[in-house]
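Everything below concerns the one structure shown next.
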Amino acid sequence: MRIKVINPDYGMTAETLRSRERMLAAIARPDTVISMDCLTDSRVEIDSALDVVLAGAEIVKRASQAEKEGYDAVVLYCLSDPAIVACREVVRIPVIGAGQASMLVASMLGYRFSILTTSFQRIPEKEESVRYSGVDPSRLASVRSIAIPGGDPRKDIPTTVRLLVEAGRECLEKDRAHVLVLGCLSFAGMGQELSELTGAPVVDPAFAAINMAELFHSQHLSHSRIAYPAPPARERSWSHGEL
Amino acid sequence: MRIKVINPDYGMTAETLRSRERMLAAIARPDTVISMDCLTDSRVEIDSALDVVLAGAEIVKRASQAEKEGYDAVVLYCLSDPAIVACREVVRIPVIGAGQASMLVASMLGYRFSILTTSFQRIPEKEESVRYSGVDPSRLASVRSIAIPGGDPRKDIPTTVRLLVEAGRECLEKDRAHVLVLGCLSFAGMGQELSELTGAPVVDPAFAAINMAELFHSQHLSHSRIAYPAPPARERSWSHGEL
Amino acid sequence: MRIKVINPDYGMTAETLRSRERMLAAIARPDTVISMDCLTDSRVEIDSALDVVLAGAEIVKRASQAEKEGYDAVVLYCLSDPAIVACREVVRIPVIGAGQASMLVASMLGYRFSILTTSFQRIPEKEESVRYSGVDPSRLASVRSIAIPGGDPRKDIPTTVRLLVEAGRECLEKDRAHVLVLGCLSFAGMGQELSELTGAPVVDPAFAAINMAELFHSQHLSHSRIAYPAPPARERSWSHGEL
Amino acid sequence: MRIKVINPDYGMTAETLRSRERMLAAIARPDTVISMDCLTDSRVEIDSALDVVLAGAEIVKRASQAEKEGYDAVVLYCLSDPAIVACREVVRIPVIGAGQASMLVASMLGYRFSILTTSFQRIPEKEESVRYSGVDPSRLASVRSIAIPGGDPRKDIPTTVRLLVEAGRECLEKDRAHVLVLGCLSFAGMGQELSELTGAPVVDPAFAAINMAELFHSQHLSHSRIAYPAPPARERSWSHGEL
Amino acid sequence: MRIKVINPDYGMTAETLRSRERMLAAIARPDTVISMDCLTDSRVEIDSALDVVLAGAEIVKRASQAEKEGYDAVVLYCLSDPAIVACREVVRIPVIGAGQASMLVASMLGYRFSILTTSFQRIPEKEESVRYSGVDPSRLASVRSIAIPGGDPRKDIPTTVRLLVEAGRECLEKDRAHVLVLGCLSFAGMGQELSELTGAPVVDPAFAAINMAELFHSQHLSHSRIAYPAPPARERSWSHGEL
Amino acid sequence: MRIKVINPDYGMTAETLRSRERMLAAIARPDTVISMDCLTDSRVEIDSALDVVLAGAEIVKRASQAEKEGYDAVVLYCLSDPAIVACREVVRIPVIGAGQASMLVASMLGYRFSILTTSFQRIPEKEESVRYSGVDPSRLASVRSIAIPGGDPRKDIPTTVRLLVEAGRECLEKDRAHVLVLGCLSFAGMGQELSELTGAPVVDPAFAAINMAELFHSQHLSHSRIAYPAPPARERSWSHGEL
């Protein structure tokens, strides 16, 4: 199958995108083709609801384009699942949000999970997100954040992992979590080490989303038209021919 | 006080906007000035999550502009509360969503309320919205829709009211609701007659939102910076100087 | 409009009542007339469920009298909303409980709120009250109490405010609240300073209740007869002609 | 043990009270002494929240008196558990509400239960009551009412039973209940026949309350002082020496 | 009445069983006959879900045998309520789980309860169990464990009580519980002292279960056939004639 | 990877088992090896909680054996997830329950799902199961059953599909479900046709479980040792060397 991964951050280099594709391919089926794009029209990174709003239109456009180009599924590469409902309204191929996928996978690994995020200011949004995920909100043990020096989680990965381990242990010991979820796609690939050092399973949303797309594809499943009806046909301001 | 009402439908005439302002003024404090704008850059009406995505950026921009122009509050004139979290992140004046305001008011009038909406396809979205409103989701008795001939609720108002009465009675009798909520701002002003004919209180979201803005203003209240932190300062693609 | 505020404490001086009316008038519409009575037959202050029981009959009687005298709404000036269901059964004008009104207003200002109360012994009652308020109980972050030297919150207001600030900060930092609610009407008027010193919005139930009464009045709303049916007509022991 | 049963209806004859005591004795331990009083100062029957308010003070007074006279437990003989929190604050002997006791017993007999009540107007109150009972509110399948000709459930008992059977079957078939609860103490003693004719277990609140009082007594249990603290010592308007 | 108590631990001595019967008889009705058996075919003690699986078949067999021998009720003497649903499917006499019974009794004594258990590893299972009990899961304040030197709670009872007091106080002070539940049947009989030393009511599941069986018996109640239907008639691998 | 599928029905022919393996292979990765066993020691089919009890020990034994034989995951081929907690305690490879997996997958396809089961008597068990699945119980729209002539769903598959379509439509129209879940593994393979005829996505638990096992394997995930601790080491009655 062919998966279009939409990375809602702006202006990543081709090299970075290819490196992310390789990382994802490592957990994908051999016959899965992964193609990651980032935003090029909307200069945003998803660090607020404002950013979700600004990125939304381009994300939907890219999801629609992917469907036209014959992709079999779309993965939203962000824990906030930006514009996921609109995407599902617009396309018939499955649209997987890394946030929803990881919370559902976490629910199969233990009774209570915690989310580790990049900034204390993102905690309320993460806490709210579980209400929309389909997961029982009482399964969320806590959301904790780490304070990354400089702010870029991938610049000094050993430091980021060390901070994740510290915060993860607090989730397990103080908040009585059984499972950890990496609460930002920038943490992708750090789950294994975090799991070894804390003793708890760690869900990597990047991986959860890719494999969930494969699950849907192999079973010919896609989201319900009743829950996500097609928008009424009508001229809309962005209709440059794509939709 | 001065309230900026943002109507997320595109291209309404000045005459229509003035007529809505007069309707709202009738329930507002004498010293409240109401100014309604509609979208002019984004050609949308809010009938789907896609529409919310497409309208979002202009709504936030208008909210920010209103704050700069000295308005004391922003009202989002739509039951879907489009872009409400982003608006609250960006401005410090209160941002009132007609959806959230009407559900909270309904909760003070009885133990269970129903929402009447314009199309059966909007029912899932309305059912979900209560989870984010702060209201206990078990207080929602039902969402029912009416099928308006021609689709425009304001073209033949007596027919619309008759259909609302029929659907409202089903909410009261079959779904055991105690209170009705008008589930679309196009029903604004029809609550009184619906209430008289069904015997139940009817919350008009347009009115609920305006008076809630007044409530916040008179008490110097605005949303929490902890729940809605300011987006990190950073260049964003739409930054044409307004934000 | 004319609002009758029923203060369920016994035997306040006329001077104190007038001073409270002036405090409330400051946030009310210019054309709102506020008249506060306290209990004169029932020697109680509301510090227990027993006190609510003892105050109940006089509260209902006063609410009924207010309706007969042409008042447009009744406000119960106590966070416990004493006898609110009975009042709503008996009168057709809106009956606003300061407890319910403040929790609903808090829900519009952030995702999680805490209540600050006068005594650790009142914590269980406050925790239970959210279940009846219509607000999603999972929105309550915590209830914390302060220990006021001497017990009277209004005797040494700077000390009371200082204690509220300390407890409020614990709510924000340890319980991750986004909004604070003053959990006793004796704290009325202290919200502004508490808000400035903690950085979180503070809901003052006295103000919330008055403005909510105005909201109902301007929209011709009152509670549902289905939820609060009139008691069966029948001779009752207190029927001294008023009801 | 000695149980004081407080019947919150006014002015029952001694003969009726003795007959109720005999009915209860049939399910009690041989060494349990049951003494039922009704209200004599407050002319009410519990058919509304107003009635609960009017009956409250006398109920608490009688509970307190029962404790002084050496009774081992108090049973509130009404599904609305009138003044139960105040009674628990005031006395140290267990106070059993027939409503709470019957809902908890029902929860041990099946996953979902329905309540049968005397009037459609009492349905909202019964639905709310489960939220305070300690029982998971999602266990309540429904509340249904019967329309008793003349209004007195005990005047033509065969008719009342027939109506209960009809309504009970609807609960089992349409609302998928597994267990029925008699929703009014006037139905006491009709459970056995209702159970035989519907095939479902039927909880009789009168019996549930008496046996629960015995359970508490034999284990030396009473309600928590933390949940139900003693009211602050203070002169109160009804203090005729009893409290 | 005659109660068969099934102790799911293997190979207890006759002496121990008789001593437990005497302990239970102290809180039972004088005319209640209590007969405790332990498992003899299945070498297990209930310390895991694995143990519940291994004990299940013999427990059901013993419940069925008890019914054939004319017992009036079965009590499962373990907080995990092992095989309770299967037992209820197979027999028509009431089957009381000590876990469910104690949580429901706790709900009548305060708004929030904590469970004290034998090992930190049993905490997740206890937390989950409340979801199936019928009790509102939000009533569970916490589960805390004690670390018993040597592991046998009954070897050095004063030490066990001291540890329970320490953990119980943390439940009351840190987790704001109002009531404590002994979370293991090995703690049976230690409730009184724990209650005196902590000031909170303590539910002893052994006692709660016996008295609940009496409650059901005296009211001719047993579990619903709709919730617990008889298994389809069919040859099953263990059918050695008993069932 | 190699998946051991444990079919908890007794005595299936080798031919049937091979045919099921082929059906599952069709949706599995090309490099996944699927081996299905059925029970051979325990003469049961899972149609009751009794059957779950009787099948439990052999299921755990087989799961443990599979781990020893180097299988990478265990799938429990039954919607009741029999003995899943015990299996997870005993083995370290992932244990996937078809029930839990299908409900979590359903939650990604729409807001509300219904389960279609084989007998009205299984409805309560299915309704309860959602509480343990990790899915928000309010997402379950309904459980409906079909009445299969003769009782064997696979004897006359066109009739079974027709009945599923009828019941499925009622779920969509009357219970407002968005997604259907096949509530019995005997329906495996009928999802596609049911989906085409109803227009809603249909989750086939057999397929959901296999792909979920692959998802876990490719990400090196298994259930949390904190949630599912290893049983204390100790002689147990079935310890024939395997465990």
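When the chains are written out, they are named A, B, C, D, E and F in that same order, and each has its own residue count from 1.
The criterion applied here is as follows: contacts are C-beta pairs under 8 Å (C-beta built on N, C-alpha and C of every residue); 3 or more make two chains touch, one makes a residue touch a chain.
Heads up on the chains, UniProt names are A, B, C, D, E, F = Hydantoin racemase.
A quick note: this is a predicted structure, and the numbers were derived from the prediction, not measured.
*Asks:* Looking only at C-beta pairs in contact, point me to the busier pair out of D-E and B-F.
*Replies:* D-E
*Asks:* Suppose each chain is reduced to the average of its Cα coordinates; what separation in Å results between chain A (Hydantoin racemase) and chain B (Hydantoin racemase)?
*Replies:* Taking the mean C-alpha position of each chain, the two centres sit 30 Å apart.
*Asks:* Rounded to a whole Å, what is the gap between the Cα centroids of chain B (Hydantoin racemase) and chain C (Hydantoin racemase)?
*Replies:* Computed from C-alpha means, the inter-chain centre distance equals 27 Å.
*Asks:* Starting from the mean Cα coordinates of chain A (Hydantoin racemase) and chain E (Hydantoin racemase), work out the distance between those two points in Å.
*Replies:* About 44 Å separates the centre of chain A (Hydantoin racemase) from that of chain E (Hydantoin racemase).
*Asks:* I need the residues of chain E (Hydantoin racemase) touching at least two other chains; which ones are they?
*Replies:* 110-112, 124, 128, 137-138, 178, 226-228, in rising order.
*Asks:* Give the pairs of chains that touch; include all such pairs.
*Replies:* A-B, A-C, A-E, A-F, B-C, B-D, B-F, C-D, C-E, D-E, D-F, E-F
*Asks:* Over in the complex, which chain D (Hydantoin racemase) residues touch chain C (Hydantoin racemase)? Could you list them?
*Replies:* 10, 41-45, 47-54, 56-57, 60, 83, 85-86, 89-90, 121, 124-125, 128, 131-132, 226-229, 231-232, 234-238
*Asks:* Okay, in this complex, where on chain E (Hydantoin racemase) does chain A (Hydantoin racemase) touch?
*Replies:* Per the stated touch rule, the residues are 123-124, 127-128, 137-138.
*Asks:* Could you list, by residue number, the parts of chain F (Hydantoin racemase) that touch chain A (Hydantoin racemase) in their complex?
*Replies:* 27-31, 96, 100-101, 104-105, 107-112, 133-137, 139, 172, 177-179, 191-192, 199-201, 203-204, 207-208, 211-212, 214-216, 218-228
*Asks:* For the complex, give me every residue of chain D (Hydantoin racemase) touching chain F (Hydantoin racemase).
*Replies:* Residues 110-112, 138, 176, 178.
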